[in-house]
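To keep things simple, chains are lettered A, B, C, D, E and F as they appear, and every chain counts its residues starting from 1.
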Amino acid sequence: MGIPYYVPSGNECLLFETAFRRQLPLLIKGPTGCGKTRFVLHMAAKLGRPLFTVACHDDLTAADLTGRFLIKGGETVWVDGPLTRAIREGGICYLDEVVEARKDVTVVLHPLTDDRRMMPLERTGEILRAPDEFMLVVSYNPGYQNILKSLKPSTRQRFIAISFDFPPPETELEIIATETGLERDKCRVLVNLATQLRILKDVDLEENISTRLLIYCAILMMEGLDPYQAAQAALIEPLSDEADVQQGLLELVRATWG
Amino acid sequence: MGIPYYVPSGNECLLFETAFRRQLPLLIKGPTGCGKTRFVLHMAAKLGRPLFTVACHDDLTAADLTGRFLIKGGETVWVDGPLTRAIREGGICYLDEVVEARKDVTVVLHPLTDDRRMMPLERTGEILRAPDEFMLVVSYNPGYQNILKSLKPSTRQRFIAISFDFPPPETELEIIATETGLERDKCRVLVNLATQLRILKDVDLEENISTRLLIYCAILMMEGLDPYQAAQAALIEPLSDEADVQQGLLELVRATWG
Amino acid sequence: MGIPYYVPSGNECLLFETAFRRQLPLLIKGPTGCGKTRFVLHMAAKLGRPLFTVACHDDLTAADLTGRFLIKGGETVWVDGPLTRAIREGGICYLDEVVEARKDVTVVLHPLTDDRRMMPLERTGEILRAPDEFMLVVSYNPGYQNILKSLKPSTRQRFIAISFDFPPPETELEIIATETGLERDKCRVLVNLATQLRILKDVDLEENISTRLLIYCAILMMEGLDPYQAAQAALIEPLSDEADVQQGLLELVRATWG
Amino acid sequence: MGIPYYVPSGNECLLFETAFRRQLPLLIKGPTGCGKTRFVLHMAAKLGRPLFTVACHDDLTAADLTGRFLIKGGETVWVDGPLTRAIREGGICYLDEVVEARKDVTVVLHPLTDDRRMMPLERTGEILRAPDEFMLVVSYNPGYQNILKSLKPSTRQRFIAISFDFPPPETELEIIATETGLERDKCRVLVNLATQLRILKDVDLEENISTRLLIYCAILMMEGLDPYQAAQAALIEPLSDEADVQQGLLELVRATWG
Amino acid sequence: MGIPYYVPSGNECLLFETAFRRQLPLLIKGPTGCGKTRFVLHMAAKLGRPLFTVACHDDLTAADLTGRFLIKGGETVWVDGPLTRAIREGGICYLDEVVEARKDVTVVLHPLTDDRRMMPLERTGEILRAPDEFMLVVSYNPGYQNILKSLKPSTRQRFIAISFDFPPPETELEIIATETGLERDKCRVLVNLATQLRILKDVDLEENISTRLLIYCAILMMEGLDPYQAAQAALIEPLSDEADVQQGLLELVRATWG
Amino acid sequence: MGIPYYVPSGNECLLFETAFRRQLPLLIKGPTGCGKTRFVLHMAAKLGRPLFTVACHDDLTAADLTGRFLIKGGETVWVDGPLTRAIREGGICYLDEVVEARKDVTVVLHPLTDDRRMMPLERTGEILRAPDEFMLVVSYNPGYQNILKSLKPSTRQRFIAISFDFPPPETELEIIATETGLERDKCRVLVNLATQLRILKDVDLEENISTRLLIYCAILMMEGLDPYQAAQAALIEPLSDEADVQQGLLELVRATWG
């Protein structure tokens, strides 16, 4: 496996490398499907470190990250969680949508993100010292944040941070063409549509269209679906359930594609 | 067992097949009893893949999908959940009303619905790679959605989507006649009634009448119940508890059936 | 044990038998103590099927219905729940006040109430196919329903339904006389009182008086309590704690009984 | 142990005995400390049946009543709960403040309180038939009831009911004198005070003074405390924390005792 | 260990002794740090009974008081909780801030606080009879009480009660001097300050200053800190986080100490 | 390991030492990243005591502090929690953000913070007496406190307290220069910026900038990032997600740095 394809749009690679070299924890902010996960995959491969990704959610607890004793074949054995494995193997641990995790996760993150750089495994009695190659990366989507779910400042101020957005049009065109093989003219039409959609003020979307959906649409077109059917299934239906919003999106597709 | 009976109303079979061939996850939207489950049964049989259906609910957790260690005859054994089995056997996993499931389900769905197409079984230490034949299908009813229960955009934008509705009258007549053996004239009366009901604006129904209830009504008529008794038991009582709504429905039955 | 005594008030026996013969799930709606449980007991005996009744409540989970592994005498053994037993033995499973059960119960009911008619026992790895003799009956009281507790339309539209009410006066008199041996004149006085009470608009009762309470009152009278003491203990005190409501009821008793 | 001392104030003994003889479940309503528990103790002794009392609370579950498997000396043994013991031994089970119990308790009470008179012990596979000597008595205080906590009508209409109140003055005097040995003149002063307090409209008490507190006060006086100190410790402080309410009570004590 | 130092301010010792002799449960009310715990320590020593103190909190359950089966060195052994030990050893059990405990604690307290004076240990099958030397003491702070957290009258009316307040100035001076060795002149200044603070109406404090904090301040002064630094660390900072409240307190310190 | 670098800003070292010598528990108040943790590290090293730090959170329970029985290699062994270890080894236990912990933690802290200075380990049956060298330190950030989460006065009045703030400019400059090696002129620019930011009234920040973030910014500058990129990643992005707040911060950076 080579290094996963990634087209940078700013100084994010430099910042990631600096953070890695100086053992600074990194926070990535940005909307759904703008390429945060791909960027981390790319950097992990480039730096030659194993990557441990965890999609956080309401019920994620510290033990899901650190590990637990499990019963296997009648014996009780300790099984490392993804964070513990990242520390032991000097890898990168990526907590996606970290604000969704439960609050006991902070007890694990705090001593890992100051000069102690250690993690006590109370259950086994071990104290793990993070090697220089270990790096903690977390992400969240500022568009979701609300009062109940946010990083406490005492956690947040332990990270340097980068803001992500969708790639600029030429980059996005490049990505779609490379990933799907669709001819560039058709890719350009898709990117133009996305640009229109993302600046749209009159349509009530919970979140903007992602590069991923554009790629899905391109795949359906490559498979022979007519562009309107492809847009219906890959763009309009995934974005909204509201009849009037869907109608607005459809008109935009028609206006853009002629 | 042959291929379960299904009458398509649009390009849904083509979209399903394309999604299956290109490993795109599929989201099906639509009202109760419009045939979503039957459609998935039909496609799974047509594509020759085993189907694993899970009716999601408030307390459904990731472990219900992936599996758990159980104690059997004094020994601890791992028992695959339906999602794990679908991956191992290259089958189709169908999560019905996925928005009802608890949030830790996302941790399982995310790595399965991007280019990783994998699922870590932390408890056993396995990392499952989904074979090309594995497909994830989820459904929900947009009519139910509320602020507390909805797919997060970061999950939703991982699927291509199809919207379902009740079948057009001629198709629905065909379905009822085939499934129950009731003569076509009587089936037509039932379908006409359903058409009237579904466009009704003055009656307060939580959800529209399903094809399933029409079939129940036809069965009761086949069994010799008089049509009004059949309509009372299979259409009116299941649709509402409100006396005035029931009265409105009864009048509509009378007006339609003479 | 013969067939439990039951006096029909409409086509409910025909509907139950038809549903049983055609494998349609049945929903019974009606107020407290109007005879729903007795009706199901009667039909089960008439059809010669074993009956498994479960009074649902806020904490009832799927495992309470399907079964669980229990530790008995040091060994772990699987113990079937009442629903599982009903399926294995081709019996009738009656879930009383089903809207009270927790939401994971739907995961069990859905595949049992469409053409699959099956129930996977994930914990044992079994897939049970319901025999033709298995029937699912659920009930609830529409008077209680609120926004938080109701059957979702996707569950509800899986049943044919009957509405129950208190028996008509002559039937209720018959029931009381048969069950308690109280002379018919005195029974008539009780039934007249109930009729008055049930149409009462000025008294604030959470629910109307049940046939059961009339029977209790008749028993106390048979035991020699004076009718006012019997009415106080069996009718007035069980119906309300409010002094003014109790006063209103007492006046009605006096007016009716002279 | 003889029959615990109890002075009846109405037909409650007759009603209890009739309910016992005819297997009717009994509901006792009344304020704190008015003698409900003592009445049940008295009747159980008089009828020669063992009594099993459970003080219900927010976390009381069905298993607390029926029993559970416990690990004792390395072995798993089933331990009957108080309700199960009452059934096996043909005793009286008294659930004090039953509205406080959790909702799964209804699943146990319902089949015990209709003509089935049985209780399935799912965990052991047993089905217990209640002998004729078994009786279920429940109580609650209507003064506490609120919307969240009340007996559902479907449960409530399974009981005959008695309302309790504080004993009439002469009876209460008798009780205090018998229980504490305090001379009757002083007892009369206490009873007069209670009578005044219970009709008091201007003082904001959560609940009225119980016979129990009057007995405590009498004990302190027997031990040589001066009557004001005794009233302070046994009447005023237990009834309220509010300075003005305490002041009002003190003035009433002064006015009554001179 | 001698009898812990305690200076009575009223008839509290007499009341405690009487309650102990006559087996009446005792409720102590009063603000934080006014000496409730010290009083109980003192009385337990004076009466020669072992004392078992439990600081109650939101998650304290009945099992925390009664005991549980624990696994020790591979064997399951029953470990008595503090209440059980107090009963077995004829000691005094003191539940501090009892209103904080969970509601299942009442099930334990009720049979212990009426003439039964017993506690069933359901898990072991034992029924403990409390010896005459056993005494139950509970306390709470009326200043905290709210609607959600309070003793139910049915629990509360089982206790005789004493109200505590801060000791009178001369007593408090005596306590500080004895406990810290600070010279009496300086102690008087501290007591004067406390007196001023406790009658203060213009400053918004959640609770008044305790004797404990005055002792802390005296210790810091004994250790050579200047009185203002001592007051800052032992009085002002522990009492409030609000800048304006702290300023008000500081001005009071300056005004009192010159 | 030498004594961690710490520059005092007041009498905090004297207070800590006095509290340690006289066994007074210590409460440290102050904003995020102002050096509380570093101060405790410094004092623990200076006093030669081992330090046990716990970052408290919503789900932290007493058992997380005291210890629990764990299954290791098939055997059940007791594993001390950090508080228990601190007591046994005569160390300092530091509970960071103690108001976040669950309420059962108070049951552990209370007997440790009065003259008893002991901790019962109910599960093992041990009663630990804290040696003179044991010290309890807790901290919280008054800026976060709300009604739901605060120390109860009965807990709070058991501590002497110190208020922390960010270090004065010259001290902060010294810290940044020493920790990162950045030349003093550039450090001064960073400190000036922080001073500006901390007095800013027009920008809506949840919490002020910490010394830690200034150090991160200095590191990025040492690594060759241009100062604006460094400020963006280490100051602006970690402080806020709001576009207008970020704009305000950026303008301040420009105004300060020229």
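The working rule: a contact is a pair of C-beta atoms (placed from the backbone, for glycine too) under 8 Å apart; a residue touches a chain by one contact, two chains touch by 3 or more.
Keep in mind that what you see is a predicted model, and the values were worked out from it rather than measured.
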Joint neighbours of chain E and chain D, given as chain labels:
none
Intersection of contact sets, chain D vs chain F, gives E
Chain whose mean Cα position lies farthest from chain D:
A
Can you tell me which chain lies farthest from chain C, using the average of the Cα atoms as each chain's centre?
F
Cα-superposition angle relating the copies chain F and chain A, to nearest 5°:
60
Cα centre of chain A to Cα centre of chain B, whole Å, reads 30
Here the gap between chain B and chain D, centre to centre from mean Cα coordinates and rounded to Å, is 53
At least two other chains touched by the same residue of chain C: list those residues.
none
For the protein chains shown, what form does their contact graph take: line, ring, star, complete or other?
ring
How do the chains line up around the ring if the path leaves chain C toward chain D?
C, D, E, F, A, B
Could you please specify the touching residues of chain C with respect to chain D in the complex?
32-33, 37, 53-60, 64, 70-74, 79, 81-82, 96-97, 100, 141, 144, 206-207, 209-210, 212-213, 216, 219-220, 223, 225, 229, 233-234, 237-239, 241
Contacts from chain F onto chain E in the complex sit at residues 11, 14-15, 18, 21-22, 24, 27, 29, 61, 69, 75-76, 102-107, 110-111, 114, 120, 122-125, 142, 145, 152-154, 156-163
